[in-house]
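Paired with subunit B in one complex and with subunit C in the other, subunit A is shared by the two complexes that follow.
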Partner chain A sequence: MFKLKDVLNRSLLTPFNIIAGVIILIGLVITALRFFGGLATVTNLSDYNPWGLWIGFDLLCGVALAAGGYVTSAAVYIFGMKKYHSAVRPAILTGFLGYALVVLALSYDVGRPWRLPYPFVVQAGTTSVLFEVGACVLLYLLVLFVEFTPAASEWLGFRRARNLVVRLTMVLTILGVILSTLHQSSLGSLFLIAPSKLHPLWYSQYIPVFFFISSIVAGLSMVILEGSLTHRYFADKMDETHLREKEDVVFGFGKAASFVLAAYFAIKVFGITMDNNWHYLSTGYGAWFLVELLGFVALPCLLYSVGVRDRNIKLIKWTSALAVLGIMVNRFNVCLVAFNWHLPSSERYFPSWMEIGLSLFIVTVGVAAFKFIVTFMPILYEHPEYKTPHA
Partner chain B sequence: MDFFTLQDFYTHTKGIAYILIVVTLIGMAAFWLYLTDHENDDGEFHF
Partner chain C sequence: MSISRRGFLAWMGAAGITALSARAGATPRHFEGYPQSLCVLHDITLCIGCRSCEAGCNKVNELPAPAVPFTDLTVLDKKRRTNAKAYTVVNKFTSPGGNPIFVKNQCNHCLEPACASACFVRAFSKNGDGSVTYDSSVCVGCRYCMIACPFEIPTYEYDEPFTPRIMKCTLCHPRITKGLLPGCVEACPTEALSFGTREDMLKLARERINKYPGRYVDHIYGEHEMGGTNWLYLSGVPFRTLGMREDLGITPAPDLTSGALATVPMVAALWPALLTGIYAISKRREKMLSGDKQDAIAKAVAEANAKSQAALTAALDKAKKEKEDSVKKAVKAALEQSAQKTQAQ
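Up next, the complex of A and B:
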């Protein structure tokens, strides 16, 4: 157990705190500029390019990389793979923080954050894909918050609230899987209405399937990557169970990620086949598409499989970083690189330094929140008073 | 390759897709065996 006074007794001037503090200060300045000066003050967005880095990175990558929550809880509670139980709480926490930051980033992009609930009361209709995404993200954020509360309740001593939520674990897991399936795929569906804007190699009628399958890879890889990083920086906060199960999680999730990546590779090839887009592969965009498909899908698939067979934990950890990078490359390609590919280069979008700064600010807030929570709450260890099976 | 009708187009693309489906089904099964053949048969579902 870690007490607040123990932490306060330490020096606050650590390298992490200094760097994080500087980034957060810059982020706050950009925040003021964005909300008082408007989008044009801080972004390079235009009518041609209304979705920029804040959607391509903060939202699309954020949602995909937060998929570890539903993937892990489904594996443990629905498919009964109890040996991965120690990975559930860190994955739920990462998912919860990821989605909370997605909503934060979205409020910068759309502006007037007090109007975020408007789609539920003032809107033209429920047939919009964007409405479905908004509804699912809101509901899933609530589900993740409730799934996270047992850890916070154990920390705060709210025994009854904690026990009530633990009894709801299976319902929450099923809700999480349903909502994730819906909105992970629907984020891809958003691009179905732009066949003339998105390059044919990335545009496909199956793009919702691509987004959903790749989110599973993102979730599995993020759990491995995040587990490696927490083991490196928070090993003193991990109990014996977490340390013992760590390797099982890496090998099990690495194997699953390898198999899902193989399936993802196959359906991406189907995407080219069904639209007969083979001739585009010999163009510049085709070369970049092949880099994504071979370098960030086939290669991690192969490396994961070699790592699993050779029991090479280091290789799997590095491969998880490559796979996460691959998901980001894919989302960037769909939202930014291959979008508006017909436009002359003078009209193409490149983010301003303030857009990049704000994205860094949001990631830093997430890392700082993660650090705070794993320091104080029973995420990487079992609370001594709650040794029974929990959520 | 030139296509004059939608029928031509689908005959071509679906023809390739059906071949790929067979290759994928066999390939995925083989890949799963490659991933798991070094494990002991302890009756536990490994994933």
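Up next, the complex of A and C:
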């Protein structure tokens, strides 16, 4: 359907390529500095602040925003919502790329990345929440890779491999939901061990539940947001089914996101009640907590429901961007803003420009990989030789 | 927490039953430290801020020479923390009466250490002698131990590109196993640091409080903090005024995450059942819907067939009748014709 030659004949100096090229070049320089000079050369990390932007953004936001894969495949294959079928492949692809990039980013952040398999092959620290996170992320990356292979197999013509994996769809989906439940929540559990460092408004015994429920919001919202972006830039790659089902996906996922956000709002309020932390709301941190809770949870919940009621696609799309931003605000708050709140401002952390540059580099690599894959592989359309009959 | 129990739990974890290895948070059991484990008692009221302990520590641990010599006491004017080149630091505070108070800071060697609980390669060990030691040969460098430590002790070699290590006090584990004193205790010119078993140090601390009630606050820091530590402190002023947190609670760090880890096997076991159930329901609904559809089609086809059959029969009947009629008519006409013919003749 799309020939490599056609692509090569086009000019490579598109605005996207130029900007992406510059970011990737800068990223490569930072990479060299990081691996030959150590973390101190490129980061503002310190003994008080061992985790910075690369954990707060690349790991915590990265994993949450890649939740679309398990949310969509569960909706379609387990809950039987076949009308969202065309959303599965793009969501799986984003999930796979997201997790691959999380692992890439971690290899910059940890001191000796070549030892990342150690917990599984040398010595297992099973009392650590991080062990669970690591094991689940690793296994889920594998599951996402397998779930992604049918698209690549169709492109490459590996018919038998493709058919084998398609038969495993149910097992893979259930495995994906289990692993996602576990590690999405465990990313929150990581902070359970530090009640003396995380502000009480964000520290809660429910933090794993908060992280898991908000990951569903992130997944649903990312599918909507990403769908509108791909429609804008890759409409020529979409087949009729995809274009026809697109609106169903926006309304269906928008409605679901509204309900889940309402539930999330309720448990967040219950979290404050449980620990009787109401008095903190009158402090500066309390004001910021209210901004998060009202501006990035209650507001998108309301806007989603209005959008669905009025069948206003544009509103739902903008709301999805707000909801995604809200998840990022939450993860930043837990990991960076409300963490170490007891320290004087001179000891607090703010990322260096090179940390920000490397995070941009990672995102750019992801966007470029997504662009390449949807251009060549049957992601936004069904391969003519493998059409499946579905309602 | 015996060693064999730990080994067993690690095996359980390796078998994939991760959360079972986290000690059930609800058990009332309280670990009071290994019997005869060693401990330092730091009597803050006796510390003169000479930094000899810092020098002794630096020497026995073969740490790099400091930028400012240990004899320079002006560094005390600024609050410091442990770092990759110093396992211990002394800080100066001022009493309500205006007198200087000096406090030594280093790893407290928790009875149930947060760092060891948080480490996903078990790089930390809580040893029988009370020390908490670190093995850089397995460390990945994730720095979760630094997040976990409530006393903000572990430090990291951020400027080391290839072999960065976590750096922290070892209670001079290599020396105390040989019967020697920790470097800092040996260097201390006053009685500010005492060394012995934890039971003895607790007894000593209580004796001092009882003997000089006006001199000390009635609190042995480290007896219960975070479940207890192998480093104890006595002070004449509340510890919170000396940068030592009194809001840490008495829950050992591993208990903070054991509940969350305990849900792992629940999710792993129950989700497949739940999800397969939901799948079965949605599949059945789909089947029923498609079944209804097929029934409706069959019914419609049957009705149409019956209708057309009836129409056909009616048409045939009609045709038959018409044929009969026309035959009758023809016969009648023929008869009439023959009758007319007969008449005419």
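Heads up, the rule we're going with is that the second predicted complex is superposed on the first by the 386 of 391 C-alpha atoms of A that agree within 3 Å, B and C clash if a C-alpha of one lies under 4 Å from a C-alpha of the other, contacts with A are read in each partner's own complex, and residues count from 1 in each chain.
Operating definition for what follows: a contact is a pair of C-beta atoms (placed from the backbone, for glycine too) under 8 Å apart; a residue touches a chain by one contact, two chains touch by 3 or more.
None of these values were measured; they are calculated from a predicted model.
**Student:** One more residue to check, A:Val269. First (subunit B), second (subunit C), both or neither?
**Tutor:** first
**Student:** Thinking of the overlay built on chain A, is A:Val308 touched by subunit B (first), by subunit C (second), by both, or by neither?
**Tutor:** Touch status of A:Val308: first partner only.
**Student:** I want to verify the contact counts: of subunit B and subunit C, which reaches more residues of subunit A?
**Tutor:** Of subunit B and subunit C, C contacts more residues of subunit A.
**Student:** Mind working out whether A:Lys197 is in touch with subunit B, subunit C, both or neither, as first, second, both or neither?
**Tutor:** Second partner only.
**Student:** Counting only touches as set out at the top, which of subunit B and subunit C does A:Val363 meet: first, second, both, neither?
**Tutor:** neither
**Student:** Touch test for A:Ser258: subunit B only (first), subunit C only (second), both, or neither?
**Tutor:** First partner only, subunit B.
**Student:** Could you say whether A:Ala75 touches subunit B, subunit C, both of them, or neither, answering first, second, both or neither?
**Tutor:** A:Ala75 contacts subunit B only, not subunit C.
**Student:** May I ask you to decide whether A:Ala161 touches subunit B, subunit C, both, or neither, giving the answer as first, second, both or neither?
**Tutor:** Neither: A:Ala161 stays clear of subunit B and subunit C.
**Student:** Look at A:Ala20 in the shared chain and tell me whether it touches subunit B only, subunit C only, both, or neither; answer first, second, both or neither.
**Tutor:** Once the two structures are laid over each other on A, A:Ala20 reaches no partner at all.
**Student:** Which subunit A residues contact subunit B in one complex and subunit C in the other?
**Tutor:** The answer is residues 79 of subunit A.
**Student:** Mind pulling up the subunit C residues that touch subunit A in the complex?
**Tutor:** Interface residues on the subunit C side: 9-10, 12-14, 18, 21-22, 81-84, 114, 116-123, 138-144, 146-148, 150, 152, 154-164, 245, 247-249, 253-254, 256-261, 263-264, 267-268, 271-272, 275-276, 278-279, 282-283, 285-286.
**Student:** Which residues of subunit A touch subunit B in the complex?
**Tutor:** Those in contact with subunit B are residues 75, 79, 81, 252, 255-256, 258-259, 262-263, 266, 269-270, 273-276, 305, 308-309.
**Student:** What residues on subunit B touch subunit A, complex-wise?
**Tutor:** Subunit B residues touching subunit A: 1, 9, 12-13, 16-17, 20, 24, 27-28, 31-32, 34-36, 38, 45-47.
**Student:** Spell out the part of subunit A that touches subunit C in their complex, as residue ranges.
**Tutor:** It comes out as residues 35-41, 43, 45-48, 50-51, 74, 77-80, 82, 109-113, 115-116, 118-119, 122-132, 134-135, 170, 174, 177-178, 181-182, 185-186, 189-197, 205, 208.
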